[in-house]
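One chain, chain A, appears in both complexes that follow, with chain B as partner in the first and chain C in the second.
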Partner chain A sequence: MKSIFYKEGIKLRRALAAAFAVNAAVLLYSYFRVRVGFIMQEPALLWLDIIERNAFFFDRISVPLAASAFILGFLQFYPESSGRRFRISCHLPQNEDLTLLYMLLFGLSSVCFLWLFDTAGVMLSASFFFPYDLWGRIPSVMIYSLFFSVFLYSAAASVALEPSWGGRAGLALLLCGGAAFFGVSVYRPSCWGAFIAFAPALLSLASVFYPASGYRAGGGR
Partner chain B sequence: MNSDADTVISVENLEHSYGSAKALKGVSFSMEKGRVYGLLGKNGAGKTTTINIVMGFLKPSGGVCRVFGEDVSRMSPETKRRTGLLHEGHLAYDFMTIAQTEKFYKSFYPRWDGGIFRYFMEKLGLPESRKIKNMSCGQRSQVVLAALMAQGAEVLILDDFSMGLDAGYRRLFIDRLNEFVREGGKTVLITSHIVQDLERFVDYAVIINKGEVVKAAPLGDIKKDIYCYRFPAGSDRRLIEGDPSVMDVSVNNDSVDIICSVPPEKAGEFFSGRMGSGDFYQRDVSLEDAFIAVTGKY
Partner chain C sequence: MRVLSGFAVIMIGVMSFAYFMPYFYGIAAVKKPYAPNVFFSPVIEDFIMIKSGKDTSYCDRVGNIYDLNEFKKLAPFVYYRDLQMKGEYPDIIGGVFVPFETVQKETDFISVRPSDINHSGTRIGLYPLYDTKSDSASLEFPGELFRIKERMEFINASSIETDEEKSELFTGALREKGFVFPAKVIGGNTDPRKQTDYGYFVADSSGFLFRVYQAEGRPEVVKTGFGPENGEIVHIYANEKPGVRYYCFIITREGGIYALMKEDYSVRKVPAGNYNPYADTLRISADPLYITAKVSDGSTERVSAAGWDFTERAVYSSLSDDSMKSGMKAVFHVIFPFYIYDDKNAPSFPLKASLSEKPAAAFVFSLILAAAYFIISVRSGNRRPPYGASFIILLTGIYGLAAVLILNNGRRR
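Right after this comes the complex of A and B.
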């Protein structure tokens, strides 16, 4: 596992640094937006917003998180399918499903670290403006973003790893259907919503094994 | 007769189709320990399909391929460790540097020979921090070959090693490989579009044509009963081209080569009536001549 993490680290270190930088920049931007909001408007109006609309003022951070996860998935697996390089990974002297699992674990850890970074950043920023009752709930609200990011990471990984363009199109269509689930915002504030969101995230991870299995059957011939 | 214990790779009755087109029609051969085998075939003969199956990256429609007695599509980690693959185009993790490549592979291969790897890299004269993607095709081939040799594999499967290499790098590749294989008693299966390169390396040739093995024999036997005669340029060859004894007529810039089954003692009589010229001499038959004689040009 250490060696696979080493390889994936080399492949993704620049992309990871860029992802952390972009997410940090968006966090800062969100912090200043809320700060300006409090300066420009009557704080009572903002509080009313929070109470009536269940608003979450740092919501925009979920966009760079999701985009980073998608790009990481693509950048991690496209070099494997390009030139059928995944054949080298398949022939490493260990079980090839295990090789793929370690690769996915590296990607997932990266997404989770990014999420932790964002969540910590949002909590820290929010603690300046909101009471604990609100910012204490941030991880449970943002867990939904984590699952969506995991879903997007896996979708990008499986599409990138698939060696044939036809297969890529088919997988992309299927995964677009799955992504639609995350557009249903009614689940978002609830724990059940997060629990339900866990299922498609897990299923999408399993989908990466499908294009990988094709390499032994002649995929990318 | 060699025992099964000496058989490193066995290919039994392989069949494969792409849609309705049958690419392999029962290909069989086996490889014994310590020998170098060349898999030869024209474009579309089934060579790539066979090598993909032998490497374990294509499931055949029928038949089986075993490496060290294991089905190649389900190789155990230990068998993978004993089998080194060189993929077409010298595939490598090109986002890695030379030093990173060594560190990565070393962790997977307990018998990793750092001496060989570093020797090759010193000869290459590139800094260890150079990324593989920033190397020329020839330089990349040397890194891939060094990594393959350092793994300590017992059997090497090399798919079209000559792809993208100029004459110098092709020769260097074969020189290095020859020394390594002879010293270590390795078993090798190699393919290349450039048959002349294989002549310097292989002991045994397996020739595939139209999805079937048409000849499988030691290199000397492949050339047996095949002769080549050279005539001056412009010799009239119309009468000879349809003769059943003639396997190929090749036109060069200053001569015409005739590959046939006519032995030297009968050549004078044979050609006098057909070529209208007794001005010819016999030259050595190359593996490429024998290959063309067996498979034809078309």
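Right after this comes the complex of A and C.
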């Protein structure tokens, strides 16, 4: 596990640094946009506007988070299929599923750290401008961004690991529709909604093993 | 692991197809739903309606057909501007002298959708309290918002700190009138562009309703006539129209609709039949002589008209048409064993799943698909009969078939 984490760390170090940098930049941009809003307008009016319109004042952060997760998934697994690395790894005297599981764990931890970084950043910047009533709801809303990012990461990983273009197209078609399950109305946290979003995220993680299974001896690759 | 991961891919496919396929089918099969637009005529003291379709017709309940001009005269509180413009506005309507200015002041229309009630519990509980008697000509937007939990607290938006003095003043005023914290439901108009302010109508935790407003910086609290014996409040609708006879409409969990009267803070029950606030749309129109409540559940509409003594004068029920052609609807429930859809009225998460209205027919269709897939696969020389895939198709129908075909097709290339 340690060696796989080390290997994945080397492979993704630039991508991870870029992802954190982009997310930090978007956080800073969001902070300044909100700050400008509070300078230009009556703060109480801004609060009311956000409450009445259910406007997610920090929603722009979910875009770089999702994009980062998708790119990380692709960059982590595309070299495995294009460079036939995964096929070679399958000949090593170790369990291929466990190898893939560790690789996924690395990617998953990266996405989770990125989400924690974003959530903490959003909560910190929101606490300067909003009362607890507003910023206290951030984690329950941001949890959907985490599930969505995990889903996109796994979908990108599945498609990237699949060696044939036909298989890639089929997987992409089946997986991309799952993104519809992460459309959540802001400020309306619900256990049912969290489960609905969690289920495809979990299924998408399991789906990465499907293209990987074809690399094994007798898998026809 | 291969079987499990393949199952995971197919399940994601099934879930997304169960959302997208019925959605696109619905778009292809949509038709304009037909429902008559019903009004209560104070002239003939019965319902009149506009039936729109290929040809729009104007008629009454008995079947008398009118032209548009006659129809407008039968609904003078709806078309009073048109009638006034043509010089045809009658000052005496239903035997009562009702000048044009009175109609302008006293007509009102409100609409309460199920989403208003389902979503009200998730609204962030911060509200601006305007000063009803401020010095300026228009209402000034306050620099703080309030919440009512264990006490009434005003949060200054510039400093994000509680204004202790003001909070204590208002909390004390509420306690003095017998208000039991925390507040259960708060209703009021927060719109900063409004012209008049009646403050907020707040249900306390013991089920009584209070009016709270600010006059020259001082708290004013009135205990209204609504109590727990009237039911549990789920929604309060207040649009603050100055000329009307009521402050707000109160909706209870049991479907009771009450008007809180301006005259003496008494509550009067609006007759509306069986109203389910969580599923039905309510439309109330008020005019100088009548108050009409329309309750629509999507397939039926019940309209009841009452005078201002709140006794029911007339009732009309009509069936609404479906938004999908009947043949297309039947096919829908055969080919889709279940479907996932957006429920805009849902209290929290908007996605909902529903089973086919014709489960037996849908199962037979899925069985045919599964059998066809099994036979074709075996005949095309598959090494192993596809028991698992056929079982998935049997359970998930067309969605499973699409997912299995896409996955298999990708693998073969």
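Here is the rule we use: the second predicted complex is superposed on the first by the 208 of 221 C-alpha atoms of A that agree within 3 Å, B and C clash if a C-alpha of one lies under 4 Å from a C-alpha of the other, contacts with A are read in each partner's own complex, and residues count from 1 in each chain.
Just so we're on the same page, contacts are C-beta pairs under 8 Å (C-beta built on N, C-alpha and C of every residue); 3 or more make two chains touch, one makes a residue touch a chain.
Just so we're clear, the structure is a prediction, and the values are computed from it rather than from any experiment.
Placing chain B and chain C on a common chain A by superposition gives a fit, with no clash between them. Shared-chain residue A:209: touches chain C; no touch with chain B. Of the two partner chains placed by superposition, A:20 touches none, neither chain B nor chain C. Once chain A of one complex is fitted onto chain A of the other, the partner contacts of A:171 are limited to chain C, with no touch recorded for chain B. Looking at the shared chain after the overlay, A:94 reaches chain B, while chain C stays out of its contact range. Of the two partner chains placed around the shared chain by superposition, neither chain B nor chain C is touched by A:5. In the superposed model, C is the one of chain B and chain C that contacts more residues of chain A.
In the superposed model, the angle subtended at the C-alpha centre of chain A by the C-alpha centres of chain B and chain C comes to 140 degrees, rounded to the nearest 10.
Our summary of the superposed model lists a minimum C-alpha distance of 9 Å between chain B and chain C.
Of the residues of chain A, not a single one touches chain B in one of the two structures and chain C in the other. Against chain A, the residues of chain B that register as touching in their complex are 52, 55-59, 73, 77-78, 80-81, 83, 85, 87, 89, 91-96, 100, 103-104, 107-109. Across the complex, chain C meets chain A through its residues 1-2, 4-6, 8-13, 15-17, 19-20, 119, 122-126, 128, 141-145, 147, 155, 157-158, 160, 190, 192, 347-351, 403, 406-407, 409-413. Listing the residues of chain A that touch chain B in their complex gives 2-3, 6-7, 10-11, 79, 83-85, 87-88, 90-95, 215-218, 221. For chain A in complex with chain C, the residues that touch the partner chain are 42-48, 51-52, 97, 129-131, 133-134, 137, 158, 162, 164-171, 173-178, 180-181, 183-185, 187-190, 192-193, 196, 199-200, 203-204, 206-210, 212-214.
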